[in-house]
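So, here come the structures, one by one.
Below, chain A partners chain B and then partners chain C, in two separate complexes.
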Partner chain A sequence: MLEIRNLHVSYGAISAVRGVDLDIAVGEIVALVGANGAGKTTVARAIAGLLPYQGEIRYAGRLLKPNSAERNLRLGVALVPEGRGILSSMTVGENLLMGLYTRIDRDQAAADLADVQSRFPILAERRDTMASLLSGGEQQMLAIARALLSKPKLLLLDEPSLGLAPKMTDFVFEMVLRLRDEGLTVLLVEQKARQALKIAGRAYLMETGRVLTSGPARELLEDHVLANAFLGAGASKA
Partner chain B sequence: MLLQQLVNGLTLGAVYTLIALSFSLVMGILGVLNLAIAELFMLGGYFGFAAILAKLPLPVALLAGMAGAALVAAVIERVGYQPFRDAPVVTPMLSTLGFSIILQNVATNIWGSDPLQLPDEVFGARFTLGPVSASAMQLTIVGATVVLVALLAFVVQRTALGRALRAVAENRDVARLLGVSAGPLTLLAFMLSGALAGAAGVLIGLHYAAITPYIGVEIGLKAIAVMVVGGTGRIWGALIAGPLIGVAEVMTTAYGGSQIRDFVVYGLMIVILLLRPQGLLGGARTEQGPRV
Partner chain C sequence: MMSTYYAGLLADVGILLLGALSVYIILATGQLSLGNAGFMGIGAYLTSYLTVTMGVPLTLALVIAAAASGAIGVIIGFPALRLRGIYLAMATLGFGEMVRSFFLNFDAMGGAGGFHGMRHVSLGYIWTWAAAILLLVAILEHSQIWLELRAVRDDETAAALVGLDTTTIKVGAFGFAAAVAAIAGGLFAHHHVYIEPGNFSFERSIDFVLAVILGGSTVGAGALVGALLLVMLPEHLRFLADWRFAVFGGLLIAMLLVRRQGILDRSLFRFFEFRRSA
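Up next is the complex of A and B:
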């Protein structure tokens, strides 16, 4: 579904991503893990079309253009950004309606909105509440629900557990599994590598802008040297 | 006397509100002060006058002023803003200042520097209620302002287009991730802003029954003061600050003399900048994020 070849992204003179290759097949959960500053978020933002880059990103056989987020969303690539990207000047309901912005199939869009609200009842209950007043977990639900309303085929989740309580993190990861079971393809960018590797089929480990290693997520978890060096103490015992 | 001054102040405040909304719309979405808005206001007045002199009805004149100013605003956006959108914020501001001077020059060359007068009989009727009297034009100004603000509020608050404008204003990257193309919306924001300024130009021109190429400067500066008092970039702040400044100005002139009028208006602006730089509707001083 997604093929990245020799991706390079720079912020001015600083090279943030250097020659990354990455593949995602339909229906997979792929984890992109690594320390803070490894370049994970930059890769996700490049795929979403928020950044200029060099190299090739192909989605469903089609070459994506750099810096073309609006087009990429219409093609089926949605990003839930790090920090959630909630529009805090709007209500919960308005944020959800923004998820339908590109939809032209009005009847189906209305049905999808009802479906999302039944999937996340708290969002329906708090429809008229300002989004900024939601808890961190509720905001994450809102961000994911809003992204789902655009009917993506590839969902990019950037640090979905950031700032969440452990219980809410578990809820988010369980939801990712459910979405995968429903046919969605997911790229999960996470610093909580252990948990991400538990639900992912394959994973890429990044360090200083490069892919250090990749493979089946279970193998990375079980590699004691790798796990202790890059995934935090105790990772291999998970 | 006091009630009468209040009516006069509210009339003036209505016009200030429209132009301040015009400034705030662009400021709120792009963070740029479009200094050519004062001249869009002036041009709107001339377009409206042309329609009135051609014996067209007031609603048509209003639409002519709005449409003409919106088209000029579109040119300003394409030539004076888009090429500089990634430059430091002062660059597009200076570009719009250049447009402002050019537009004033163009108006002077087309219509001359002497005031263009309307015949006295246009909208001469007056209505009296007890001690208060208002001209048909004053009522038209207040009525048209209420209708235009209500329309703007509906578009911004209740439509997908308005939500998209607010999304771009709050976080351009997030808006893009939701499929919103900022480019066309920026153009739309400039055109809506131009239409509001054009409407204000038609209304104030008809109120004074005269217009000159220089009318935009003074009223445009007052509108900037209104925007600052209401909250820079908070488009609804103008709804409070416009009438406030209009009434303050008229009351000062009536009871203190016109020589201290501007002292009060701009003094109020400076006091707000010192004590509450985020404006009356600007939320907490440390608040980050949404501007609209």
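Up next is the complex of A and C:
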């Protein structure tokens, strides 16, 4: 579904991503893990079309262009950004409405809105509440719900557990598994590597802008050297 | 029967309202323009040229001037909107001063000596335009378009991620605002029947911004309240003679300390909607 070849991204003189190759097949969860500053978020933002880059990103056979977030979304690539990207002056209902912006199938869009509200009942209950007043977990739900309303085929989740209580993190990860079961393809960018590897099929481990290693998530999790060096103590016991 | 004095003040309120709305429209996308007096000047001179020299009816002249100023706004908008925050404010300020300087040296329209010959318009005519544009903005505020503007203001990246073309939205807002400011200029020229470049200086742009900040920058009606205050309050302080502008300034500061968000804000409207539905 997604093929990245020799991706390079720079912020001025600083090279954030250097020659990354990455593949995602239809219907799988791929985890992109690594320490802070490894370049994970930059890769996700490049795929979403938010950044200028060099190299090649192909989605469903089409060559994606840099700085083309709107086009990429219409093609079916949605990003839930780090920090959630909530539209804070709007209500929950207005945020959800914005999620439908690219939809032209109005009847189906209305049905999808109802579906999303049944997945996240709290969002339906708090429809008229200002989005900025939601808790961190509720904001994350809203961000995911809004992305789902664009009917993506590839969902990029950037640090979805950031700042969430453990219970809420579990809820989000369970939701990702459910979405995968329903046919959605997911790239999960996470610093909580152990948890991400538990639900992912394959994973890429990044360090200082490069892919250090990749393979089946369980193998990375069980590799004692890698686990101790990059995934935190006790990773291999998981 | 209203006195000529009050009719003049109310005409100034209507014109300031339009200028303030032009700032409010740009502010809705999170951008601050300090150069809207430049668009007002373009509207004033172009409308006056059309009515005095070409004999075009005023309403048609206003529409033509609004379209021309809107187009200039879009052209200026593309390079200007690569900038943000204080840098955009400085760039628009530079544009405003450039326009003023242009008319100062443009002898065909009177240069420093100004331009005259326009026919005076009635208070009713000015307020028909002001009310129509205020109503248009109020309608837009409840539309999908305004939601898009607010999305860009809240978080440009998030707006792009829901599929909005943020550049088109910002440039479009800039063009619309430039058109509204041009109408303010055309009405100003035909209310005062004489214009000179100094009428469209930086201070005029600041008046527009001040009206929006005072009245409330999250609702269009705030521009009306701000315009009323800015025009009427100094008049009602005339008994203070030379001290009136000092007291006026003090009152403005006190008001902003009490209500930073301006006199009107969106939550106030929500409260009334809630009370009505309860």
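Assume the second predicted complex is superposed on the first by the 238 of 238 C-alpha atoms of A that agree within 3 Å, B and C clash if a C-alpha of one lies under 4 Å from a C-alpha of the other, contacts with A are read in each partner's own complex, and residues count from 1 in each chain.
Here is the rule we use: a contact is a pair of C-beta atoms (placed from the backbone, for glycine too) under 8 Å apart; a residue touches a chain by one contact, two chains touch by 3 or more.
All values reported here derive from a predicted model rather than from experimental measurement.
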When chain B and chain C are modelled together on chain A, clash or fit: clash
Which of chain B and chain C A:214 touches, first, second, both or neither: neither
First (chain B), second (chain C), both or neither touched by A:169: neither
Contacts of A:195 with chain B and chain C, given as first, second, both or neither: neither
Which of chain B and chain C A:140 touches, first, second, both or neither: neither
Partner chain(s) touched by A:42 [first = chain B, second = chain C, both, neither]: neither
Common ground on chain A, meaning residues reached by chain C in one complex and by chain B in the other: 48, 50, 69-70, 73-74, 78-79, 81, 85, 87-90, 94, 97-99, 101-102, 146, 150
Touching residues (chain side chain A, partner chain C) in the complex: 48, 50, 69-70, 73-74, 78-79, 81, 85-90, 94, 97-99, 101-102, 146-147, 150
Chain B-facing residues of chain A, complex: 48-50, 69-70, 73-74, 78-79, 81, 85, 87-90, 94, 97-99, 101-102, 146, 150
Sites on chain B touched by chain A in the complex: 160, 163-164, 166-167, 169-171, 173-174, 176-181, 289-290, 292
Residue ranges of chain C in contact with chain A within the complex: 147-148, 150-151, 153-155, 157-165, 218, 266
